[in-house]
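Two complexes, one shared chain (subunit A), two partners (subunit B, subunit C).
Up next, the complex of A and B:
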């Protein structure tokens, strides 16, 4: 009897979970968008403005430098995504089926967990006029005794932003692609096809573009679109690396929203709509470009040509890859050195002395942000993991794959620029409850953590051999028992990886933490961004390092724990 | 002897006159004193019991202190204050670190518009100038509390308008003074080495000449940053030194459509000459003073300025600035102002916030704050109101070589009316906000 009731509860819970997931993701985003839409058209009762009209947009058009803001947002977003995508393809093509691919993956994957803010800080240290590159060349080559008048970071063309975004998104795309290739059946098929092409005399890179890419690309499309959407509307990178006369649109919107003059919120809402249109336009442009490429190059696929200057491209890729890795390594070395540097006058390559006082001072003030970071991260991730598991289980229980609509909705938080709906969301949250900023932050983080946890878990869950479950069920095990005792143990390792990923995503959130917490909830990331544009280079290095170490610990645990458990199981 | 007699008669009159006057003077002078003494005693008692009530209700609560948080020294000082009020009143002082104080202002405004009139999230905020003017205008601040804090007496409010006026606006007890700031310059003496075309500029005019000879080595934070605005105000006040008194007087009055053009024209002319010589050719400006300090450490800039002079030696001690840094004050004048703490009208923990504000004003807290190794922010307390024990708290050791030498500030310039901030900011934004 009792087990029957339990089963019912479990099954009902599982069957309800996809709807719950939909509500959890859609409601806040739509509520947020509506709360931005209304003020944009002049309806803001809290500002005693209830006349519907376009004055928000007029104010927006009259903003000095609006066209520059838009150009900057569009160009940095598009170029960085394109660069990251192309370099990813070149690396994949040049090193496909070679041991180097794994080595590059191992070198780059830690970058994935580095939050954008920390990456921006590290890149800034490298390319500044007094940065590592300049120090390595001075004064013996350049003759500079004082740091030169430079362009980077904060150059008006957004090159620094593009550089930062490209370096940060490249590992993401690469790992996504490798993840696709790691799927047993598809990967095996593609590798075999690649071998066939090689045997037919295709050079490796050409074989990749003609044989692998057409099958690989559709699976990469969503991650690429997510990268594009993020890059066109992100705040951290442009805030730390970008120009400010004027900044990118997203940064400007953020400033307007937090301005003393509340009437600017109407303009900000109009700006948020513009941002939404821009990002939407960029996504459409990308999809259109895809079609164009398909039409233009479909002939090339079957023309039978075996090579296109392959030695040349192979060398270029090698140089590019080395450059990217060298760039990342130099940034990280610079970051670590700054965090322990005493006096370090330009153009010395090494600090005069190494001290630990920056770490000591920072750690003394870090307890609260650290606690918040961990608490928010853990609560959010555990919750996200449970919902994801239940949704995936419902898929298997009902023996129906998730509807196309639902699987699209999961990506919505990654595709809608957060700046466009977060302000509305915060406004709604303030209406509902006022004093629980901690809960608000957790709730908002969930929107961004859920998609990644889902992405990370879904493929392994769907790949589970159903026969185990069938055998257990035929032996009389309830669905709950099958779920808890058969499926979850098999998924131990993927679940840990998903949790580590979820934690990393939560740790890195800047705008959602800042807005939903009303600035009251400080995390390592909000502190790092606040410090990056001010304060001591040494202190911000310490915070950036903390930002990197936290998610790394998560991943190391996710990697070590299964080994430990499996070892004890083997005994 | 008619003369003698006359004298006797007169002197008798004279004495009685004197006696009469003495009587009158005595009674006139004593009577009100007695009344004042009486009322003062009464109000003292009332204030004491009022304060006791605040102490009782304010204990054991949280205080959310919204304060600019991009300086680790300031943050560390606030943490120190938090441990103190924790032991004293069991108050949890939570520092909400802002990158711009206006964030807190807009938060309170938003709460007011959402009809949240007593559950506000901001309990105490660090504020002055334009932000205070905005909050005052929208009546977002609690009134008549700061002047009743027990420690307020040490600021000698009767003779010290610096603690009762914020950029010319009377504070009406809405703000408790916290610290005093003057615009102080600092430079890298390895970079400005005193050679022919590289002499240390000590006036605004010399600054322009020096920057032209050494392009790219000076700049100021982008308005509306507080420090950047201060530099522009310093320039504005200096540029009007030779102007007519009637024009000069406009600086202390509201900026209007009519006078803005005339008053600000000299500033724009000056900036048009200065900007091409600045860091990044005046096309990009740093966000704030801390970033400017970092650029000096990077040797990109050779000359910079700050509103809190002790920050400079403190930064050198933390390795955040090179050893070759020296501080000085401009000989043509130093812009000076007071910064305050205020309580929003809807603060959830008003009594506790007052306890914290009173603690921040105590000789102990002010002396700690003035220590160069802690924060080095100049105290608002007047030494003559303190006991000798309290004065001893403020004794410091020999100054650091990079510190501002004692008594370097020869001439203080007072802040123009806060409405000029908006006028300068708007004008600046349209002229220089978008690089060509």
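Up next, the complex of A and C:
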């Protein structure tokens, strides 16, 4: 009897989980958007403003430099996404079916776990007037004996932001594409079709663009849109690498919201709506561009031309790939050197002496942020993993794939700029008089962790051979037992990877931590961003390294543990 | 000049283990059939001929096509057409698009006319605008054949091209393929493990033995049964 009741509870819980997931993702975002929408049109009872009107937008319109902010946001977002996308395609095309593709993948995949803030700090060190590039070129090429007054970072054109975003998003897009090509059936089919095109006389790069890309692109669309949405509205990168006068729109909105003058919140809300429109416009522009490219190039697909200056493009790709990898490596090396540098005069490539005191000092002050980072990350990720597993199990128990609507909703936190709904959400949380800022931070992190955990787990869960569950069920095992004792052990490794990814995402959150915590909850990431524009480059380097090390430990554990536990479940 | 495909002193290895050695001349219009169980090196032979041999294999020897040594050319410059057991039609292109993709550059109108003619010749009249996935298996096989032939190859390789077709379809498709090979006077090599395929090809048949068999059997490096009809 008891087992029957238990089964019931489990099955009911599992079947309810997709609805719970929907509510968990949709309610906060809609609540957030509405509480931005209302103040934007002047309705903010807390500020004793209840006249519906457009004065928020007038105030926004009057802001000096607004058009520069908009231009900066749009151009950095679009250009960095385009660059990352195009270089990804060129690398794929030039190295398709070559062992180099795997090597590049192995070299770039650790970049995925680096939070944006840490990446921005590293890139800033690379291009600063006294950064690695300038040191390597001085004085023999530049003639600089002293660090010059450079343009970078913080250049008014946003070139630093573009560089930072491109270097960070390129590995993401490349790994997403390689993930698609690693799908057993599709990957095999595409490789064979590539071979057919080679047999028909197509040079490898042309074959990629004419045969592989049309099948690959639809599966890359969502990650690309997520990158575009992020790049157009992110806060960390422009905060660390961007100009101040004026900053990007997202950064400006953040300043207005956190201003002591609460009346600026009306303007900030209007700004958030503008940001939403900009990002939406960019996404629409991208989708339109997609259609245009398709129409423009449809004739070229079948015109029979087999090569387009392939040696030239091959060389360009090689140069670009080398540059990208060199930039990434140099920024990381620079970061590590700053963290242990004693005295380091300008054109010297290496510091005069290496010291550990920056680490010792920083680590002593780090205990609270470190505890917060870990606690928030672990609670959020465990929760996200459990919900994800239940949702995926419900798919199998009901033998129905998840509705298109639900699958789309999972992506919403990745497509809606967080700056546009987070303030609303935080306002809402304050309205409920929720003083527990720790809980608010966890809840907000969940919005961003859930999608990644879900995306990471779903493919392996769906690929699980259903016959194991059938066999177990026929031996009398309840659904709960099958789930806990058959499926979970078999999925041990993918679950750990998903957890490591969830932790990495949570560790890297800046804006959600800052806002939901009301500035009272400090994590390694919030500290790193604060320090990035502050006095000590060395302390900042230590924090950026901590930001990289934490997620890396997670991934190393996820890679090591399956070698010792549930080994039999592995092939 | 009669076209020909010649394999000179080919020795094919998987790591250090020898898979096969071969010395053959195939004249235009003839089909050389290679038979043997999986693992005997059939597919590696085709990969070597097309220039896509995976790096775990190594080979020595030369391949001459119409009097030219093509052994050092990359896959895309060899002008060798291959027909696989799957049609491998490009699903982002229509039936006609698949064939146009393969044809050499040229006048757009003439190319389109040629596609229509070719489709009609194999009983697929007016199917040019269809999506390849909407075609039956046999129809897809014929489109793949046209795609390969209209790319104007100088030699043809057949990698178990009929193994996924059911009996009657197999007989018809096979006849069409061999007829067209003869009509175009192209040298062809077919690998298969189906005896009816081998007989229908009406050419020389080489049987490879699996490696386990070889090693336990004798010191002889390669046992061959050769039938010439």
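Convention: the second predicted complex is superposed on the first by the 564 of 571 C-alpha atoms of A that agree within 3 Å, B and C clash if a C-alpha of one lies under 4 Å from a C-alpha of the other, contacts with A are read in each partner's own complex, and residues count from 1 in each chain.
Basically, contacts are C-beta pairs under 8 Å (C-beta built on N, C-alpha and C of every residue); 3 or more make two chains touch, one makes a residue touch a chain.
What you see is a predicted model; the values in this text were computed from it and never measured.
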- Query: Touching A:277 in the superposition: subunit B (first), subunit C (second), both, neither?
  - Reply: neither
- Message: Comparing subunit B against subunit C, which has contacts with more of the residues in subunit A?
- Response: B
- Message: For A:210 in the superposed arrangement: first (subunit B), second (subunit C), both or neither?
- Response: second
- Taking the superposition as given, does A:315 touch the first partner, subunit B, the second, subunit C, both, or neither? neither
- Task: State whether A:301 touches subunit B only (first), subunit C only (second), both chains, or neither.
- Result: second
- Once the structures are superposed on A, label A:202 by its partner contacts, choosing first (subunit B), second (subunit C), both or neither. second
- Scan A:531 for contacts with subunit B and subunit C and give back first, second, both or neither. first
- Task: Examine A:485 and indicate which partner it touches, taking first as subunit B and second as subunit C; both and neither are also allowed.
- Result: neither
- Regarding the shared-chain residue A:68, is it in contact with subunit B (first), subunit C (second), both, or neither? first
- Residue ranges of subunit C in contact with subunit A within the complex: 50, 52, 55, 74-82, 84, 86, 88, 90-93, 96-97, 100-106, 108, 111, 147-148, 151
- Contact footprint of subunit B on subunit A as seen in their complex: 46-47, 64-65, 68, 128-130, 146-147, 149-151, 154-156, 243-246, 258-260, 262, 341-346, 355, 357-358, 361-362, 364-365, 430-431, 434-435, 437, 518-520, 522, 527, 530-531, 533-539
- Query: Can you name the residues of subunit B that touch subunit A in the complex?
  - Reply: 64, 66, 69-72, 75-76, 79, 94, 96-100, 102-107, 109-111, 113-114, 116, 119, 121, 130-131, 134, 191, 215-217, 222, 279-280, 283-285, 287-291, 294, 297-300, 302, 315, 318-320, 322-323, 429-430, 432-435
- Okay, in this complex, where on subunit A does subunit C touch? 99, 189, 192-193, 195-204, 207, 210-211, 214-215, 301-306
